[in-house]
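Okay, so chain A shows up in both of these, paired with chain B first and chain C after.
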Partner chain A sequence: MEKFTKAFPSKPLKTTAGKPWALAGVVGSGNLEVLVERGGRPSDAMECHIETSIPGYKASWLAALADFAHHYPAGGTKVTINDQGAPPVLVTLRLRQAYDHLVKGSK
Partner chain B sequence: MRTAETGARRRNKMERLERVGRLARGKFVAAKDVPAVLKRIIEPGDILCLEGDNQKQADFLANALASLDKKDLRDIHLVMSCITLPAHIELFKKGMIRQVDFCYAGPQGTAVADLVKARKFPVGAIHTYNELFGRFYVDLTPRVALVAATQADRKGNLYLEANTEDTPAVIEPTAFSDGIVFAQVNKIVDRLPRIDIPADQVDFVVEAPYPMHLQALFTRDPAAITEVQVLMAMVALRGIYEKYEVQSLNHGVGFNTAAIELLLPTYGERLGLKGKICKHWVVNPLPTMIPAIESGWVESVFAFGGEVGMERYTAARSDVFFTGRDGGFHSNRPMGQLAGLYGIDMFIGASLQIDINGNSSTVSTSRITGFGGAPNMGCQPTGRRHPTKAWLKAGAEANPGPGSSPGRKLVVQMVETFQAGRVPTFVEELDAAEPSIRKALHGVTPVMIYGDDVTHIVTEEGIANLAACRSVAERQAAIRAVAGYTPVGLKRNKRQTAELRARGIVQLPEDVGVRPSEASRSLLATQDIKGLVRWSKGLYDPPAQFVDW
Partner chain C sequence: MTRGPLFHEQTARQRIAAVVDRGSFDELLPPPERLTSPYLAQLGIPVSFDDGVVIGRARIGGKKVYLAAQVGQFVGGAVGEIHGAKLTGLFKAAARDRVPCVLIVESGGVRLHEGSAGEIAIAETMRAIFECRALKVPTIAVIGTDIGAYGGIGILSTCCDFRVMTEHGRLGISGPIVIEKWMGKKAYDSSNRALVWKTSGGKTKYLLGDAEALVHDDAGAVREAIGKLLAKSSPVTLKNVKARQKDLEKRLKRFGKTGDPDDVWKGMGVRDVARASLASGPEFAAMAKAGRR
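What follows is the complex of A and B.
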């Protein structure tokens, strides 16, 4: 088990419409749950809370989250991740799914 | 001074046949006499071909061969497509083999690596299929070929059913050079459904006590396709299939391409691509293609081999598949490889490792597999002259020089950035470049597909268009850009990635119009094997290991 928190600089979220929060994935073996919520502070940072069952990959997590915050305007969001040993390739997909749902309000 | 003798080889064949004497009645050998016959027809120093590829195996003859002692069988130069069976490994353990030339060692990859370590694997070279078949006519012509067929008639004509595969490529050079062809068959019958090999190319036939081994190699259960694979399939469809209007293609055997096949009737249809892409296929009868075929996407399929369970389906869809006058499915590996080399717009497949220059390999110190056919399709055939839209478009992007071809085949590597167990797919240097492996292979690194041949790499991060890169450094940067969070990917430079993205050399999913939130298994035309049976209207008979109902 490993837990860490970090905020990444990111342009503010473009829309205020849409859902107040969005969830992607499930906490199950080899999977992870990503919760993205509006109303985080400040509005030019993406605040991340990660809890993972597999320690030792902090550098990869931070790199993936930093890239995401750089590519997408996600400032003012709070991202909570519960990871149960998801393969690395699934992490970015779940993040994008949750973000898409939040911004476009689908699902 | 040695002078050319006339007919020495033919006389030698006659001597061998005479040694067999009454152990055969005409061409026919009883199963119990097979080891004794093999002893009499094989001589030390022979080039011996044992038929077996990644699908069908002359396994009864292989087992009989492995039951012999070194005093009866030694100094053999073994040539074969695939080292697949425990019996094949036994020949090396017994020290019978002087040299081996082969293509692939899938299931025995670990055993082969162990033999290399023990210095019991005197390999000439690892080949691609057509390369080895070609050498059968040059410097590796078999003296004796042990082959497998479904049926023989009383004259010794052979019927190969759905699994023609390598058989004609093995028999022809042997039979036309005074070699001996010995076939094991599942059954001897009075009348064959069709004749695939004429009797006068066959010297001996045995009805084996058990049917030949047939591997269901190309069956992928849709239930095991992940959302990440669906996302990659969507990205590939939009960023490559749609962009280049790919008409003719080969798919590898992985789940990535199975996902694409299952997206055609759903996502592909929604994009309006039906009738515009994926019409002509050079591929085995993949069960996951059934929904696309049933939806009218596919005009033709030519295959290297058969696939267990697809016999009734392929026979019923004779407008799409090649079939004989008996109505049954027909395949041919060398012709399929030739078609895949020259005739198609695109090859798309997966790999275990890709290095920073785009070279890929499935070989490591603990597992030596080899090539099979992928490099015949995953390469730029410099002998190609006919243009297609995709070929010209990819060629234009590659900015050909005054002395090069105007077109390029699309050679696409589709991989997740990590394999199972968090093993990175992208590496600075291939495991295959290990000095001990290079030494065993006479200084050659066993590269499956060379980086220079690859036009695109697709990962869950996006597409890297390697053909459009203008320098080695740029190509390395493009590969790092899609290598995700592997050590190779973490070394990417943000500014350089942004520059490559601005030039369209690196494309993220959204750059090709794919919304990751849409990447759902529910997009697949079916979610399981049972669904494939339903799509086939009950004509597909999945092998037992895939049936859970």
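What follows is the complex of A and C.
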């Protein structure tokens, strides 16, 4: 298991509508679950907590998360991830799904 | 005929959303509460925010229900301490509030990584189910996924008043691979899907009276079947238990020696096994009813 926490600069979340939290994915082999919550501080950073069963890929994680924080206004959110060996593309996909659910309130 | 997504392909949260009245689901202990397994991290296994089960309150056809759906993709939907405690609490709440309780099953039973805690949790949930039944509060297990209901959850499902199954659902105690490991491939070939589904699948369980409804692999059909059972209950009386015991003895006598599941189907009144194999759930149910006459 490897655990790390980091905040990435990101533009503040635009809408206050939608849901207080959103979940995407599931903890299964080669998959992960992403929980995005509102109310993280400060409002110009995306706070990330990662827990993964595959150690040694911190650099890839930080790159994927920094990229997401750069492209989406996710400031003021708290992202918590439980990972069981998901590839980087899936990490990005789940982040986008959870983010979409959060801002649009869709299932 | 166009259909929505197949029930067995949906996730636990999608199943709940599709089965209950639109937007009526109120999740208890949702993911932000982070009620996760205290054991898995020590074994290098990642935890899940809901520990593999989604529980909450909702309405079905305007009627209040308590509802749980297991997440099969997370360690096979297996029951650990937290998962089990959530189920126990839900059925206890159902008994306290006299509100029907529905469990959408997708589990291989106890989570072996937290063995004793899981076993105890399942036993406590069974006790809570019987509390419901003593109060005539309906309890319904929905079994409609490939993982199905095995081990402790198989037993727990049969403790409920009613079982709603789809053709995809499987119900049993020992899973096919476990049986093969103990009895040998000759006795039971777990890679023979026809054999596995003919011994533990929804059609056979319906035929034997272990499931009360056999419906399409579709959330709408499941919802309809639940709706019909919400006002009913199946009381646990000495008379009923004795009658059931007699049924099971008869079943063992008739089919205990057979090596071919088709014999069971024929014995239960299925006239055309090939046609019945290809029939949809409701078609099969109609054929089974005709055969009983």
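The rule we apply is simple: the second predicted complex is superposed on the first by the 107 of 107 C-alpha atoms of A that agree within 3 Å, B and C clash if a C-alpha of one lies under 4 Å from a C-alpha of the other, contacts with A are read in each partner's own complex, and residues count from 1 in each chain.
Just so it is clear, a residue touches a chain if its C-beta (ideal position, glycine included) is under 8 Å from a C-beta of that chain, and two chains touch if they have at least 3 such contacts.
All of these numbers come straight from a predicted model, not from anything done at the bench.
Participant: Between chain B and chain C, whom does A:90 touch in the aligned arrangement: first, second, both, or neither?
Facilitator: The first partner, chain B, only.
Participant: So in the superposed three-chain picture, is A:100 touching just chain B, just chain C, both, or none of them (first/second/both/neither)?
Facilitator: first
Participant: One more residue to check, A:70. First (chain B), second (chain C), both or neither?
Facilitator: first
Participant: Show me the chain A residues, by the header's touch rule, that chain B contacts in one structure and chain C contacts in the other.
Facilitator: Dual-contact residues (chain A): 107.
Participant: Can you list the chain C residues touching chain A in their complex?
Facilitator: 11, 13-14, 17, 30-32, 34, 41, 44-49, 71, 73-74
Participant: Under the touch definition given earlier, write down the residues of chain B that touch chain A in their complex.
Facilitator: 226-228, 231, 416-418, 420, 422, 460-461, 484-485, 490, 494, 508-509, 515-517, 519
Participant: Along chain A, where are the residues that touch chain C in the complex?
Facilitator: So the residues of chain A in touch with chain C come to 1, 20-21, 23, 26-28, 31, 33, 35, 37, 51-53, 80, 82-84, 107.
Participant: Under the touch definition given earlier, write down the residues of chain A that touch chain B in their complex.
Facilitator: Those in contact with chain B are residues 24, 57, 59-60, 63-64, 70-71, 87-90, 92-93, 96-97, 100-101, 104, 106-107.
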